[in-house]
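Labels run A, B, C and D following the written order; every chain starts at residue 1.
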Amino acid sequence: MPLILPLLLAVLLFCLGVYGVLARRNAITILMSFELMLNAVNLNLVAFDAWRLDGLATGQTLAVFVITLAAAEIGLGLAIVLLLFRGHGHVDADTARDLREQPELQENEL
Amino acid sequence: MTMTWTDWQAIAVPLVLALGAITVLLADALWRTGSKQVRHTVITLITGAAILFGLAFIAVQRNSVKPAFCRPAVEGPAQCSLVFEPLTVGLWAVLLIGGLGVVGLSAYRLLDVDIPVGEYHFLLLSALTGATVLAGARDLATVVIALEVVSLPSFAMVALRRDRRGSEGALKAFLVSVLSTAVMLFGISYLYGVTGSLYLQTIVTRLPAIDPDLRRVAFAAGLFVIVGFGFKIAAVPFHGWLPDTYAGAPVEVAAFLAVVSKSAGVGGLLVLVTFGVAPSGSSLRTVVCILAALTMTVGNLAALRQAEAVRLLAWSSIGQVGFLLAPLAVGDAQAAVGYLAAYVVVTLGAFGAVAVVQRHRPAGLLTDYRGMVRSEPGLGVALVFFLVVLAGLPPGLAGLFTKFAAFQAVLDAHIGWLAAVMAVNVMIGLAVYLRWIAELFRLPADDPFSVDIENPAVAVISTCAGAAVVLSILPSTLFALVT
Amino acid sequence: MSWLLIALLAVPALTAALLWALPAGTGERVAAIVGSVISGLVLIGSGVLWWKLVRPDGPSVLTAGDLPRTLPGKVHGYAETDVSWIPSLDVRFHLGIDTISMPLIALTALLVFLCCLYSLRITPRAGRMRSLIALLLVIETGVIGTFSALDLVLFFLFFEVVLIPMWLVIDIWGDDHDRAGRRRAATTFVLMTVLGSALMLLGFLLVHRLTGSFDIEYLSSHPWRSSGGTGLKAALLIAVGLAVKMPLWPLHIWLPDAHAKAPTVGSVLLAGVLLKLGSYGMIRILLPVLPGDSATIAPYLGGLSTVAIIAGSLACLAQTDVKRLIAYSSVGHMGFIGLGIATMSPEGLTGALFANIAHGIITGLLFFLAGAIKDRHDTSDLRAIGRALYARLPRIGGLLTFACLASLGLPGLAGFWGEMLVLLGAYHPGNLLPRTTFLVFMVVAGIGTVLTAAYFLRLVRNLCQGDPAEYPAAAFAVDLSRIELIAWAPLIVLTVFLGLWPWFLLQYWTFL
Amino acid sequence: MIATAWRVIGVGFSLLVILTAALLHGVDPQQADFAGSYAGIHTYISFGVRTDDLTVLMLAVVGVVSACVQVYSIGYLEKRVASYTALVTLFTAAMVTVVVSDSLFLLLIGWEVMGACSYLLIGHYWERQDARAGAMKAFLMTRLGDVGFLFGIFVLGVAGDTFRISDLHADQMSSPALTAGTLLLLVGVVGKSAQVPLQTWLPDAMPGPSPVSALIHAATMVAAGVFVIARLFDLFTAADATLTVLAIVACVTMVFAALCAMAAVEVKRVLAWSTVSQLAIMFAGLSLGTRDGRHAALFHLLTHAAFKGLLFLCAGVLLHQVGSAAFVVLRRYTRRGVLRKAMPVTFVTMTIGLGALAGVPGLAGFFSKDSVVEAAWDHARDGSTVGWVVLVSVCLTAVMTAFYCVRLWLWVFFRTPALAGALGAFEADDPMADLEDPDTSKLHDGSWLMLAPLILLAIAAAGLGYADGVHIDWPIALVTTVLALFGALPAYSLWQRGADPRPVLLEREFGVDSAYQRLFVVPVQWFAKLAVGGDRDVIGGYVRAAGKAGTLASEGFRRLQTGNVQTYLTAAVVGVVALAILAGVIGS
């Protein structure tokens, strides 16, 4: 199999993930989109590893790490989303805006 | 592969920090009988001991070079995953001092009552572990893992108060961070594909020799890696999360983010730029220069109209990182670490002062500081001094000379435009801090801030002030961190 | 190691720290006394240092027949302290004085002393004398430090020292009626200066890249002779940085506001010594270190200075605020100094140095007087003050006329010699410079002296003269008080003395 | 108390000057340098003094006139005596400095200090608008000239490699430098001596106290220009172009000023214009470039100091007693025939003064003017055009001088027979003329303190003509006498008919003042507004705009901080792409 096919697929996956992150409001969906992006990375790594065959299986090793990492991230992410839900009653990422800049400057001078 | 004594030595500090983290967690979980005060004190002591071990270690070993987890390379010198060397010493010193300062700021009666002490210190030590590893990391896998070990506990710390603001801040930081990790990993995957290795040593030797067709790929990959760090250190345009997160987090955690987390990111980027993906002459360095210019300008400008102390510090920390990126972009580790050290000391002090005021005046507005040089002369003068150091004007010579070194680094690299942008930003930065200083000096104040300041806060702030004064008189100390 | 010079720097700074350490209540009362004593000691110290520098068997023996053929501004350091400070940045703690810097140091010490003395009785409405005196002393340290620094970085450092104190002085003790205005003025001042000095720092760094040294003494004996390229950039950056401070047209825009809004002592120091940091820097650093590139930019410098002379004078003609007017007059006078420097000729440089001192003395006096008038009328607006000051405050009015005559460069008073030598310098400028251009500058500057006379006479006519029937004396307005007389007398005496005996200073400045 | 002290000092100083002059008389010329310093290798600046005949002459003139004026002022002045006397003394000192100086810079110091004293003394009555304006004008116009003077010093000093007057020699200098230097010096001289085109300040300086006018604006300061040219005569004679220019200036001025004097309606203004005219005669003498010319000029300077000082002091008495020296006011008394009778001493001395000015044979002015004419005639006979021009101008001026002297004398002191008490030429536009009967009871001559100087100066004005040894060239004497008569007769006949035709052009003094106002003052004011506006709206505008831009940018970045994390993420992703492109652009 030529190298280009998995790479293309990875790019596609990554872009899909980026789109999801930017466009979806639901925090859970955003987390899933991240998974897509990380999987694109994994695909890349494995493909390159297979292409390189350097004997160390560096790419595959890193892919394993990435999977672990993704799991940890999702774990923490879900905890934060849960906290968000507890505070706000929903899990929409773009409506949590308590911390935005206050529009008018509360200063009497200057 | 077996662990040698050198390997153990090299990872001694992260290891002790990690062990300390576990100890703290276990102690807090298992020992429920003691009073809150005693538990807090014990935990603080354990945490402090772990960090102090690290400081003692680097003080003793500061001149040695200890490559760890090495394997002989096919071509060139051995490939190592973690190296203990002067640069590592400098970064660790900064990180550990910053961590110690945050621990001091979190001492009993200072830390918010809602925050669970054990978890807090556990997360702090964990992040510090990651930070130290990151500063010594010399392969991309270690970098990624270490970075995540720094980041994830940090978000947890932000959310530790479990309120609306905390969760929102944590979410923003988390989402941005995860995106950055994904982008960086994506870049790493291509870097691996292009060079066939994750060792920085190997990458740097192979990059110039790669197929010209792959140059663009390599460039994009490097860019992604740098951008990933850009998120971490909140370089513009990846900075959006930072002010919100600082504002949402407890002040101590904001201090932690500004000091340890940011230093870790800068350290990691420094390692990457100087040892790996962006050898001198690479256009990736230009990218970092652009990032530096953008970051300092936007950070300072946005700080110009802030009404809240923490937000002002948040934006100004973005501006400071911009200045930091300048010597970093030209690979001047000495200037960058020196800058980082001065920044860490005074930022800690400033956050300490803010923490004290914010405890009694939760609104955290700049106007709360009105007339403080008269009503709270010690705290007021110290805060003025910190701000002056941040602005880089006398008497804050620590700030002045680190900026000076940054200018020198940039000019020696013949990047005139960046130097000009920096000069303009010195001015904008001064305008930012002057507003605050003006409030401190303004008399008469309707309702001047005056309280009995908690002893630990006095200790931390005066230590920071003392350190800043010493560094101002002997700025060479700053540049001796990396020799 | 010269302990005397170090003491001149350290004593005011330490005293300032001490004043702040005093409890607020005690400090307010003793501050002015402590300030006067300490600044008096500094003045004595600088006098002793001067005497040691020029004593017959001293380090700089000058007789008419035996002139040292030196480059303009080459350092013959005395009372030197040279300690390595930050080796990694090649920064040294190198202090020293020579006959160029010594009079300026003495002038600084004198003006600060007089300001403290003046503050014994006359205090701004904001009070807080403890802090004011402390800040004045910090400014004194900064200025004396700048004048005695023999390392570029140290120069830059002391140059910056005065910024925040001066900002505070203007912001806290400035014009009572215009809080936003004084804040804006102070901030404009500090921001423009800091931008300028940052650019100047870039220039210093470029010099270091070219020559590998920050040491002024070394650089002045090993100047970067070739011109163009990086050296030109460095010269431009340094010139711009110093020009902001001086200030040279069109970078002068901070000056009128800052002077007008500052309290009396602030204006006196700002005009009297702070502006001199810029011109001193040009003579001490720009010309000796980068002679070739300085020659390249000198015509432009001279042109802008000439524009400053004319534009400053014209702006004065249309002013309605006495403090602003005097502030603008400084633009014109500093223009003369700039022109003198730009001629790169011995006469021009000597003139610039003399004008530095003379302007410090005369403008100090003018600002004292303007402050006195402002205090008595609670405004500095000419229309609100009214005319016929001769009838209401005859002594102050008379002194104002005297100061105006001195400032417009009347021969026989201190203001003349500087301007005359500058014009003479422009008549035959340095070898590398286009003579015709400078002749044009000379003629235009000469017309500028007439304009200078015009606005000062206009000031006298609109303020001092007039029908007393229309402007009856205010009941509370008292004429010259004793403390004012004491504080101003040295300036008056020096104005006359230097006017009649210019050799007192001229003999020390001999350039090739 | 202070005033008395100053008076003593003032009179004492004047006497000291006279004493010095007496002691120095006949002493060999000497120079002495004191105090000096290099400002550059070639530029040695020093103070030095010298003494020679010229110094002694000028010292005597200054000493005598200032002594007279100081004494006179004791009686004349009532308020602000201390400052007045101090300034007059300072002025005397400055004039002495000019006279004894051997250093161009010391000379300049005295030169400009005189100007400053003149300014302050003209503005002595600072309540009055005309005094304020006149003072300012006087200072500014002389200052303008002084800039040229300073540049002249530069040119000569640099060309001659010395700023010592006694070391300046024409043969050391290149001809262009010499011409340029002397021409520039001439600018200063023209300003100081109120010659065309810088003549307008002197008539406007008349609101000052009369003794000041006598001392500064008649006898000494304005004559300093003559002195300087006489001092540097060797340089000027070597520069033909300069002398020609000087001659033209002098001839134009003498005629111009005499014309103006003929139409002036105030005693002091007539005298002021006459001073300008007489100074021009001195310059004309100098411009001949001959020893005789120089001698004649200095002779005229001496006699002029005496009779013009006298005239101004007389005018001062009129002012002091009547309160004004305007013809129209004086006529109120004269029509009733009281002025002459109430103040006989003033009348007599003033008659002598006017006679001397008009060139009545036997009086001082007659001899000195004749010597100028004689010098010009000698020079003209040598085939010099300059000589002819000077000769004709001086003769013309003599006619006009006689005219305005007689006019002044008759109208001020005598009832017009033709009208016999009716309204005459001056009363026509005086609404008070018939309504008010002036209080003549208090009118009397001044105190003896004022009269004594008058008498002294009158003796001088009468007798100084013989001081130089009488040598009369009879044809010339005859011609000038006839010319004077030519001038006097029309004045007499006009007076007798009660008419005083004053052409508008002359009355407005050829419109020079308003032209200067339009040409210089108004544009400068306009430029001043432009400069202020430029600072405020252009340079200040940029600075404010920079500040505003900072604030706006700050607000903008705050706006971007919407709180929506996905906005941040989007910005970041866009940023990555932009960064890649930007780096590509910069890198390639």
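What we mean here is this: a contact is a pair of C-beta atoms (placed from the backbone, for glycine too) under 8 Å apart; a residue touches a chain by one contact, two chains touch by 3 or more.
It should be emphasised that the depicted structure is a prediction, and the values quoted were computed from it without experimental measurement.
Student: If you average the Cα atoms per chain, which one ends up farthest from chain B?
Tutor: D
Student: Please list the single chain whose C-alpha centre lies closest to the global protein C-alpha centre.
Tutor: C
Student: Using CA atom averages as chain centres, what separation in Å is found between chain C and chain D?
Tutor: Averaging C-alpha atoms per chain gives centres 37 Å apart.
Student: Measuring centre to centre with CA averages, how many angstrom lie between chain A and chain B?
Tutor: The computed centroid separation for chain A versus chain B comes out at 24 Å.
Student: Find the geometric centre of each of chain A and chain D from their Cα atoms only, then give the gap between the two centres in Å, rounded to an integer.
Tutor: Chain centres of chain A and chain D, defined by C-alpha means, are spaced 92 Å apart.
Student: Could you put a whole-Å number on the gap between the CA centroids of chain B and chain D?
Tutor: 78
Student: Among the residues of chain C, which are close enough to touch at least two other chains?
Tutor: 183
Student: List, in ascending order, every residue of chain D touching at least 2 other chains.
Tutor: Touching at least two other chains: 558, 561, 563, 565, 567, 569.
Student: Which residues of chain A are in contact with two or more other chains?
Tutor: In chain A, 21, 93, 96-101, 110 touch at least two other chains.
Student: Hey, which residues of chain D end up touching chain C in the complex?
Tutor: Interface residues on the chain D side: 35-41, 43, 45, 83, 94, 105, 108-113, 116, 119-120, 123, 126-127, 132-133, 135-136, 139-140, 143-144, 147-148, 150-151, 154-155, 158, 524-525, 527-532, 534-535, 539-540, 543, 547.
Student: Under the touch definition given earlier, write down the residues of chain A that touch chain B in their complex.
Tutor: 10, 14, 17, 21, 27, 30-31, 34, 37-38, 40-41, 44-45, 47-48, 51-52, 54, 58-59, 61-62, 65-66, 69, 72-73, 76-77, 79-81, 83-84, 86-88, 93, 96-102, 105-108, 110
Student: In their shared complex, at which residues does chain C touch chain B?
Tutor: Against chain B, the touching part of chain C is residues 20, 24, 85-89, 91, 126, 128, 142, 153, 157-158, 160-161, 163-164, 167-168, 171-172, 183, 187, 190-191, 194-195, 198-199, 201-202, 205-206, 208-209, 233.
Student: Give the list of chain B residues in touch with chain D in this complex.
Tutor: 171-172, 175-176, 179, 183, 219-220, 223-224, 227, 231, 236-238, 240-241, 243-244, 283-284, 286-287, 290-291, 298, 301-305, 428, 431
Student: Per the contact definition, I'd like the list of chain A residues that touch chain D in the complex.
Tutor: 18, 21-23, 25, 93-94, 96-101, 103
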